[in-house]
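Two complexes are shown next, each including subunit A; its partner changes from subunit B in the first to subunit C in the second.
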Partner chain A sequence: MTKTVSTASPPAQAPLSGRAEKRRSRHEAPGERSWRRNALRRATPWLFLLVPLALLVTFTYVPVGNMIYYSFTDWDGISPDRNFVGAENYTELFTRPELFRVFAVSLYYLAASAVQIAIALFFATVLSFDLRFRNLFKGILFFPYLINGVAIGFVFLYFFQDGGTLDSVLSWFGANSDHAWLGSPESANTSLAGVSVWRFTGLNFVLFLGAIQSIPGELYEAAQLDGASRWQQFRNIIAPGIRPVLSLSVILAISGSLAVFEIPYIMTTGATGTSTFVIQTVKLAFQFNKTGLASACAVVLLAIILLITWIQRRLVPDERVDLV
Partner chain B sequence: MGKKTLSAALLATTMLTVAGCSGGGSANANETAAAPANPDSVSGTIKVLTNRTDLVQDGTMKKYAAEFNKTYPKVKVKFEGITDYEGEVKIRMNTENYGDVLLIPSVIAKGNYPKFFAPLGNTSSMKKTYRFTDKTNVDGKTYGIATFGTANGFVYNKALWKKAGITEWPTTTQEFLADLQAVKKKTGATPYYTNYKDGWPLSTPWTNGVGSVSCDAKASDELAGTDKPWAKGSDLNTLDTLLYDIVHDDLSEKDPTTTNWESSKSLLAKGKIGSMMLGSWAITQMQDAAKKAGQDPDDIGFMPVPAQKNGKSCATLVSDYQQAVNIHSDHKAAARAWIDWFTEKSGYSASQGAVSALKSETMPTTLQGYVDNDVEMVERSEAKTAEVNAIDDASEIGLNKQDYRQKLIDIARGAQDGSLQDYFDDLNKRWAEARQTVGS
Partner chain C sequence: MTITAPTRQRTRRRPGLGTVLTYLSLIVASLVVLLPLAVVFLTSLKSYGEVSEGQGALTLPHDWLNFSNYVTAFNDGHMLMAFGNTAFILLFSITGTVLIGSMTAYAIDRFDFRFKKLVMALFLIATLVPGVTTQVATFQVINSFGLFDTRWAPILLYMGTDIVSIYIFLQFIRGIPVSVDEAARLDGANAFTIYRKIIFPLLKPAIATVVIIKGITTYNDFYIPFLYMPSENLGTISTALFRFKGPFGAHWETISAGAVLVIVPTLLVFLFLQRYIYNGFAQGATK
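Right after this comes the complex of A and B.
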């Protein structure tokens, strides 16, 4: 024990602590002292973790536990009494295929996230090289992610309005489209998915940029000396170098597409065939007072996302990146 | 050691959480919130929850409280304006802390009123003084008093309709459609505005029309006993077909998915929109919008649902939010005093151009047109509201929610496949199935 203490403590502090030890040793038995020190040392990380852990448990695990509990009751969300109904909610959920039909809407968002990752990757690569106004462009690309989702919903509502921003911009180019962008299910879902690309590209971009910049610079120099083109540099240095971040982005994209909520909820409240699984769940809980059934929906969504993530990890294992 | 600390921390948190959830205290379940006999005898601070954030912010509510204090000097009234009233109060009602006086959220099942609110008196005697007592009557006791009532109908721009050559109210839905057609052709205005995006103007305003078509106060109650609410000739069928036809015949706005309620008010006042189905409460708001837009507020008109029974038009009269006393309140007498004063003396309903909850009060000036034209006011019976709501929830149709009429509009404008009849059949089927499950 003492060995670890002496090696662990920085040399500058060693004489100080030694003196303190001497002073204390006059009053306390050596065994007791080391026990206390020991206990305190061990407890220290937990003391620091106390607040975050308390927050985590209170705001994540207790609510999730409650949700799972509600999913086995017929609670309506308000009534003081709730009855335990066993797996009835789950049976109802799985015998009503129309509840799962809304996952089709997620395909729009899945396609959009492919586009989003491609765009983010492109800009991250381009901006990792020396360019004029590099930082300005980084800022511009990341900016949308900083805006609150509700605000984005409202802004784009005006954007897509009949004769709104999009229509007037298009009219500058002579395209007098006069199109109701949110008018039909296909066009509405595409528009909404477009908004989500606009919003989340910045996040992917920053993740990719960070990963690319962690690749040692000598590699590029060496490649350039060997006469590698930008595309070859991307293929053989950047792409393998950021693989873990890339696969993380794909996982986030899939779970994100399954759980789309705020943009379609604020802009269309799920009308015109833009309802997603989460919107449907919210409506079950708060419009039709079926909190039990809605909780079951939420549990099922959680299970689906965990399952997909697990499968993905099995298919694409997390390899160590070894470039040199 | 480490593990022990962790489990101790977890235990402590869990205990804190559990303690936080299960608030103690017992409710005096059957204590009636009676009006105090002597105004000086009541004291305390009461909190009033309201959805009228505008009136809290502009100080109107404070003025009411000051007036109230002239009679009840020892009661201090505080207000809490809540923007998302329904959503927020519903969740707060899981605790005991939901104000002393509150508006009964519409999601609370009628049967649960005794668990949340103190009774205000026996319905049989309350009925003599107040309108709409039916709505909160549970087992012979009344739990809430309406802030005001509202009549159902179409808000329209008189000047615009005159320009289109229409001076008489339409008496059939066909006539109404022809009139909208005329408005479109002769003025170029949008004859009808659905407010599809904001949604709520598609829900209660239309559903409140149940009873206006058949002139039957019990039309809404009867939904509890039918398997086919959308059968031909029924109120819902007539109303929803009318909405379908309006949209299908291109008599509504071009892009319904990006409508805006606030701007629709001034559009109607300026004569760019012909009409909207709303409650009579909307008239004063439209008149305000007209004043702001520099138009004549007298151009705002209100007409009944275009359907007549025995040569007479009808309009359902329904209650808006009802004020109730929290069963956990420590100042029930003061809370009741506030409700009584607010209903009887504040002049609130008159300022809103709405129908007072007091039977002794006459119809407001906003409804003068109805009075002059002998429109029959049908006070909607709420005897079976609880059952209707239960079936409605089970069927996931949402008579007072926007979704099903949004879909109706989508079908009408071709954004979704299907025909009106198929949709009605589907709704009927879901309603019938839900009746089975709720009944069992």
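Right after this comes the complex of A and C.
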């Protein structure tokens, strides 16, 4: 999708400047007029970009810069004085195991992402062929992704309650569980990760479905004539066809697993060992007023995510270069 | 994974084991999706007594027309104010996003200027910075503008960091032939007229996509209103619903009614705009 950009102006300008030439000779000194026109032409793209760039810098680059600066101070976020403390926040972060342990929680969500991608891939493949009620199933699988996170949190708090939906369903199958699903760290984190599978599978599913449908249909027909089995068709036509989307999903899954906030915060407020890195950072910054330390946490998280993205780009180079 | 022939069907054979398993997997998945939602809907129609008696969650309500929980949730949960605040934020942030995104895409795609590479790099690198990581410092920026605890804080944040919509517009604007601009330019139109009268109207499908994606993510966002608008009267539907946790504690029938109230508008939008929503998310996420 590359395209040489903006060969627009030169051909269009030629007749215009010719006209300007005639007018200019009648009115004013040629130098001044063309200078003004030139300046206007040069400023035009910047007039369009003024607001977007101002917002981009104010809400992305200034915060990133400030965050790195705060991470070297002992600032509490309120008082006017902040002292430069060097790498103290970072040593605290790396030497207090309880601060770093929250990363272990990400592993639950990482495992959940793998499950989620597998399920999405299966249903995207199945539903890209002709099936009865295809659109109904498509809608049902995708809908959870559109639901409000707080509502999902409440739905599943009720779902996991003692004697709630899950227990009732299990008792139909004779499994009489009096399990407190959100009671111990392992089962709470597994339950929460399950909610994230429920919520996000639909997005992956729709992405995969779109990619599969963009594969030309003749390929399947040709493969069928050659006597390829379903599995061979999946292996040799579908899998390579959706590779870019698959690699995007993997990178989104990894960075998403590190930055989980909403569902655990809404459901457990991070209690019983379900606190994630972002919940901890938010608590440090806004409850304990440790802006310096919280910034150091955020810098570490950002660095990890950038590193993973970079590794992914090296491993799976993108054929298309976006943004021109 | 035995499935019937792709798109074009030939002779219909007796369904094989594979087909049965395929349908079975789809039905199981649908039940997993629908069951938790159905139970919450059932609970929202029950009385406090029915819920607290400790019958199973899967029992049916006695009175299918018992909407009193909805009245309680709507009034005591300040849902009207929440919908108002959300609508206000939606209106401004969507308008802003559409204008900003289309202007940026127009400037980047149709002009050659110095530092163009730098500008593109700035937008590109910004996609790599996840919003949640910089929130501590973003908070200070908002605070220094005196916008903390106002509805303008989320509006500015939603407008300022939406790079996905810029991508969507950029992809689309590339498909509009440059000769259209040139023709207008020959007729004496300047860059602003071309943008306003020609490019912007031609961008309609892309605008629809951006409005849908932006609308749904803004409507559902919890993090930003939660951090930036703690006042009770500034609740959005997410934060207003979150506050149900306090006063309604164990009143699951009221909490359920609140959750259903929040989900229903999404469901309606989804049913009416299905096709656009699928396409929108497929475009939005891959760019």
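In this text, the second predicted complex is superposed on the first by the 258 of 324 C-alpha atoms of A that agree within 3 Å, B and C clash if a C-alpha of one lies under 4 Å from a C-alpha of the other, contacts with A are read in each partner's own complex, and residues count from 1 in each chain.
Note that a residue touches a chain if its C-beta (ideal position, glycine included) is under 8 Å from a C-beta of that chain, and two chains touch if they have at least 3 such contacts.
Keep in mind that what you see is a predicted model, and the values were worked out from it rather than measured.
**Q** Based on the superposed arrangement, let me know which partner A:Q287 touches: subunit B (first), subunit C (second), both, or neither?
**A** A:Q287: touches subunit B, not subunit C.
**Q** Applying the document's definition of touch, where does A:A188 land relative to subunit B and subunit C: first, second, both, or neither?
**A** Touch status of A:A188: first partner only.
**Q** Which one hits more subunit A residues, subunit B or subunit C?
**A** Subunit A has more residues touched by C than by the other partner.
**Q** Output check: A:F48 vs subunit B and subunit C. Expected answer is one of first, second, both, neither. What do you get?
**A** second
**Q** After lining up the shared chain so the two structures overlap, which partner does A:P80 touch, if you call subunit B first and subunit C second: first, second, both or neither?
**A** first
**Q** Counting only touches as set out at the top, which of subunit B and subunit C does A:Q161 meet: first, second, both, neither?
**A** Both partners.
**Q** Look at A:P240 in the shared chain and tell me whether it touches subunit B only, subunit C only, both, or neither; answer first, second, both or neither.
**A** neither
**Q** Could you tell me if A:A39 is touching subunit B, subunit C, both of them or neither one (first, second, both, neither)?
**A** first
**Q** Quick check for you: in the superposed arrangement, does A:G273 touch first (subunit B), second (subunit C), both or neither?
**A** Only subunit B; A:G273 stays clear of subunit C.
**Q** Between subunit B and subunit C, whom does A:A298 touch in the aligned arrangement: first, second, both, or neither?
**A** In the superposition, A:A298 contacts subunit C only.
**Q** Which subunit A residues contact subunit B in one complex and subunit C in the other?
**A** Residues 42, 45-46, 49, 53, 57-58, 62, 77, 161, 164, 286, which sit in both footprints.
**Q** Show which residues of subunit A lie in contact with subunit B when the two form their complex.
**A** 39, 42-43, 45-46, 49-50, 53-54, 57-58, 62, 76-80, 157, 160-162, 164, 180, 182-185, 188, 268-273, 283-284, 286-290
**Q** Where on subunit B is subunit A touching in the complex?
**A** Touch residues, subunit B against subunit A: 1-2, 5-6, 9-10, 12-14, 16-17, 87, 90, 93-94, 107-109, 112, 115, 196-197, 199, 254-258, 393-394, 396, 398, 401-403, 406-407, 410, 413, 415-416.
**Q** Which residues of subunit C touch subunit A in the complex?
**A** The touching residues are 1-9, 22-23, 25-26, 29-30, 32-37, 39-40, 43, 54, 56-58, 100-101, 103-104, 106-114, 116, 119-120, 122-124, 126, 128-130, 132-141, 156-157, 159-161, 166-167, 170-171, 174, 178, 181-182, 185-186, 191, 195, 216, 219-220, 222-223, 227, 237-239, 241-242, 244, 252, 255-256, 258-259, 262-263, 266-267, 270, 274, 277-279, 281-282, 285-287.
**Q** Which of the residues in subunit A come into contact with subunit C in the complex?
**A** 1, 3, 5-9, 11-12, 15-16, 42, 44-46, 48-49, 51-53, 55-64, 66-67, 70, 77, 119, 122-123, 125-132, 135, 137-151, 154-156, 158-159, 161, 163-165, 168-169, 171, 198, 203, 206-207, 209-211, 217, 220-221, 224, 230-231, 234, 244-245, 248, 252, 255, 259, 261-262, 266, 278, 281-282, 285-286, 291, 294-295, 298, 301-302, 305-306, 309, 322-324
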